[in-house]
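Chain IDs A, B, C and D follow the sequence of writing; residue 1 opens each chain.
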Amino acid sequence: MFGTFVDRYATDGYGPPVTVPDAIRRAASVGGIESLDINYPFWTEGLSVADVRAVLQETHLRALAITPEIYTREFRGGAFTNPDPKIRQRALDLVNEATEVGYELGVDYVKIWPGQDGFDYPLQADPRRLWELSVEGMQKVAGPHPELPFAIEYKPKEPRTHMFFSDAARTLLAIEDIGLPNVGVLLDFGHALYGGESPAAAAELCLARGRLIDIDLNDNFRGWDDDMTVGSVHLLETIEFLHTLRRAGWDRAWKLDQFPFREDPVEAARASIRMLRALHRVLDRVDDEELAVIQERQDALGAQRLVHDMLLGDVVEAG
Amino acid sequence: MFGTFVDRYATDGYGPPVTVPDAIRRAASVGGIESLDINYPFWTEGLSVADVRAVLQETHLRALAITPEIYTREFRGGAFTNPDPKIRQRALDLVNEATEVGYELGVDYVKIWPGQDGFDYPLQADPRRLWELSVEGMQKVAGPHPELPFAIEYKPKEPRTHMFFSDAARTLLAIEDIGLPNVGVLLDFGHALYGGESPAAAAELCLARGRLIDIDLNDNFRGWDDDMTVGSVHLLETIEFLHTLRRAGWDRAWKLDQFPFREDPVEAARASIRMLRALHRVLDRVDDEELAVIQERQDALGAQRLVHDMLLGDVVEAG
Amino acid sequence: MFGTFVDRYATDGYGPPVTVPDAIRRAASVGGIESLDINYPFWTEGLSVADVRAVLQETHLRALAITPEIYTREFRGGAFTNPDPKIRQRALDLVNEATEVGYELGVDYVKIWPGQDGFDYPLQADPRRLWELSVEGMQKVAGPHPELPFAIEYKPKEPRTHMFFSDAARTLLAIEDIGLPNVGVLLDFGHALYGGESPAAAAELCLARGRLIDIDLNDNFRGWDDDMTVGSVHLLETIEFLHTLRRAGWDRAWKLDQFPFREDPVEAARASIRMLRALHRVLDRVDDEELAVIQERQDALGAQRLVHDMLLGDVVEAG
Amino acid sequence: MFGTFVDRYATDGYGPPVTVPDAIRRAASVGGIESLDINYPFWTEGLSVADVRAVLQETHLRALAITPEIYTREFRGGAFTNPDPKIRQRALDLVNEATEVGYELGVDYVKIWPGQDGFDYPLQADPRRLWELSVEGMQKVAGPHPELPFAIEYKPKEPRTHMFFSDAARTLLAIEDIGLPNVGVLLDFGHALYGGESPAAAAELCLARGRLIDIDLNDNFRGWDDDMTVGSVHLLETIEFLHTLRRAGWDRAWKLDQFPFREDPVEAARASIRMLRALHRVLDRVDDEELAVIQERQDALGAQRLVHDMLLGDVVEAG
């Protein structure tokens, strides 16, 4: 989020290259950020784990999670589900390496995003085999570390036209088959939104099964993972999502994930944090019991009104 | 909007039948509604134009527009584009009748929504022929009444999988071919939204060509014409849309179009009016010149911040 | 499918009313149809179960399933999830009645489509409560009939903007909580398609858990439940879906579900049956082992080529 | 299409770098490709126009079009619509340079794809200003070359969440304002499809105004620009599109545009060419007059049947 962005058109990147230490320092300069999700391998050559730890200490930031990059060129045909067993093994090795680095950095969890696992064309793959390989891959990486959570970040598509871990319910079913208590879900608000889920209902589903490890906040136009700043399009559903987590006693950080291709990443992070604080203040004002009563009678207009009153404050007329 | 709703499942309707006079009285009971779009033929048997006029007078409401129902069973295969010339003629006759009634009621314009014009299956129709028939139909109904505006309401789909007048740009191109100064566009915010347009940009397009006759306000989840209350999902884009119209000196009524299948229609209208007033107050606070400067530099975060500050008011922190 | 269709615009219906016996006779006239899904209550007044049985015998058709209409006006606010316990009870009663009629008609299963269960607006309902009520409702209706399958037909939206049983994975998770061996899934090809699922992968998921009770075939443009004839848009994915079922030894009927609003329903059914037979012949020619080998290496172009060769036959060039 | 692909995840590319000459040789190795769309600047350092011409001669390929890369990092904030006049000028300069190179290579037209022109966030930009700048930019680059066609390739989104030239109708309206006879449209089948247009109807619209300069063929799942091989998902709509062009006497090349991230690009091109030839053979068999009669009565099932019979050939049963 604080590195450099590339896409298939601006192949020279949306900005000059940034080293890992500089990306961490950028994050620190935002103000309000306490911890980071660190990608592995570090994209800056020659950088050691000790170096990263040093920059984190210097900046008073914590490594929240480590994300093995099992979605780069080598894994373009899949990581856990790659048809080539050698590449599957390489994916497992990379996750294992990242896990060790995670221990050294003191992360809360390992984030698994098998972005190249899935399929692109009709008839390309046998869904049963993809299931088997995905379950097996997760068992192999998470099984030996029962004390360390492994969070699967699901996403409906991109870079694959059909990603394997595509939504909350499918991921929860796979987690059952994985059969390990330390495997759970990282729920990205935007992924749920553009996958057609209600992010709040998806969160409740994961919470109900005790499998919500972390969340990512951002926004989009429901057709793609635009990774925009929090609340830039969907204020109401962001509020609903936060309300769901607060009601469940959520006490983790409120994690951001955005790709500000054309905006200053530090300013974009500040905009999201500012919005997030405002929405929490809105929720502080909402009478939870009143909302519960309204929801018990499934009163759409009542629920909207309650929240709109808190949101719009003095611009709403009485009556 | 104040009548009864039916769909393909609840074929017995979402509520008991309501007569036209009662629907008008319902509208009047909302408070804040000044004028109405009247469907023709009146769905209550035996009701005369004089009867309708009387109820309008009684309720102090005005007939803003008249909408000939050229989308009922008879026209299921199309109105202007029906392959059967007899049905095409019947559609023209119905619009002509409605136009006469419109004069009697003193409407501002005739609303044309050829909901059954278009096609459903690939290869079903020759697009050139649909174009020709649509242009011809509009010329025939609007040509003889140069003083009376005819507003085409476009919509991407439903009930057809592909409606003929599907978006603002296509409708404006057809209007060129129609070649009459009194034909323009009725822009429904929700139609633009779920058709993938930016409603504000679509409005500008119509304004630039001097063809925006009226607008409809509502909201949806971008996948379908859900016809929800104003601001229930897309607060920011509703504000952007209102801003666009205000900047253009819009002085018409702010028209609603919603289908509150399961909500009380009077309460749903009140919710929308309340929201609309709040959003206008937000815009009253926005410094138009400041926004213009921000937009001149295409500053996404700046524009969002400006509006969020006005919207969220005292829940946003300074700084 | 052989009755009359209505929608929110052509409120007078897309054709003249048809009685239940006439609808059954229409189905029989198609040729190639062996069994029917019967809605309950019968929409023709005064019709007894014996009457329906008589028409079925007369037409040599079988009642495949019975579908209690728990989605009409009375249930517009929900059936199992209705906030009013009296209406919830009425929904249970109606399913129970339909189940008894199902026994009398000798159906294979009861189809449950709680089309009004879910929510429309953000914040309207507590997802945990909807889950609880849906699970409880299914337990109450299916629990007392361990020998009779109950198939839940899921659908992402319409008439609700968010339906409760929205996709295969969510429905399977709910089925776990329902905890009854006789509850499973009716997978509608089009519902999976426009919900963003791969219909074939969704079928495999249900098959893997032993929960696929029946399927519905149709087609659409991926944005809505257009209920078009089989193969009218998605030939490849229909083939993939049929292949998945055949591989699993599917021996049930190939069920159709379409809403030919503007087409002759008998001709529309014939078109689908004809297409279905052609696609089966295509699959008869596909070498299953070859396809398995191709899929094992996840070879997109190879799989497409194999099927295209069989599909396009002599128009494809050799080489 | 024969170069290297990168995206925001596999930032190290989906394959090893390929030089421009090698990419051209790759294209030549496909067989059946006669001409190419050449990007400018050439991505291989030190390569001269003479070098490119030499490789084209060596491979017996022709330069069909030249595409100035006005969508790389420098133009991430827009090319013609960039808020910075200096960058706007640089975009114009780059198009002018590319135009000169186009003359040297003997191209048929200059392709303009202002991929970074548009906006991302609500309220970010004034649509009137984007319009003005886009029209002005096109006038400046195409005005001085009345003999050379300039084709605008429209696309709904990506990399912007909202691209300026988003669909056929909007582009045609802008072309009117541009007011030059040598500016037209490049219609990409997939862009039309995922933008919610009927590609065939979009083509007719451009043809009717004499503005269709070229087309691109590919396929996708209607939600994104997946750039898959021809006919991999939408056989019927591809046939409809080809039929439309043939009927209009289309005699240009049948151009491909695909991004086979994970497939061999040469094999992917061969698959598309093979499919394209098969579909042309299908259309050779269709009786155009019969189809015209069917379309005149807008007979959905009849049109489908006619084409399915030709497509499925001997697997369809008579009767």
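Heads up, the rule we're going with is that a residue touches a chain if its C-beta (ideal position, glycine included) is under 8 Å from a C-beta of that chain, and two chains touch if they have at least 3 such contacts.
Here the structure is a predicted model, which is why all the values come from computation and not from measurement.
Here B-D and C-D were compared by C-beta pairs in contact; the pair with more is B-D. The greatest centre-to-centre distance from chain D, using averaged C-alpha positions, is reached by C. Averaged C-alpha coordinates give centres for chain B and chain D that are 34 Å from one another. One simple way to say how far apart two chains are is to compare their mean CA positions; for chain C and chain D this gives 39 Å. Looking at chain A, one finds that residues 77, 120-122, 196, 221, 223, 232-233, 236-237, 262, 300-301, 304 touch two or more other chains.
Of all residues in chain A, only 77-78, 81, 83, 119-129, 131, 156, 162, 166-167, 169-170, 172-173, 195-196, 198, 200-201, 204-205, 208, 236-237, 239-240, 243-244, 291-292, 295-301, 303-304, 306-307 touch chain C in the complex they form. Every residue of chain A that touches chain B in the complex is listed here, in rising order: 196, 221-223, 229, 231-237, 262-264, 267-268, 271, 274-275, 277-279, 281-282, 285, 300-301, 304-305, 308, 311-317, 319. Those residues of chain D that touch chain A in the shared complex are 5-15, 71-73, 75-77, 115-116, 120-122, 157-159, 161, 220-221, 223-224, 226, 228-229, 232-233, 259, 261-262.
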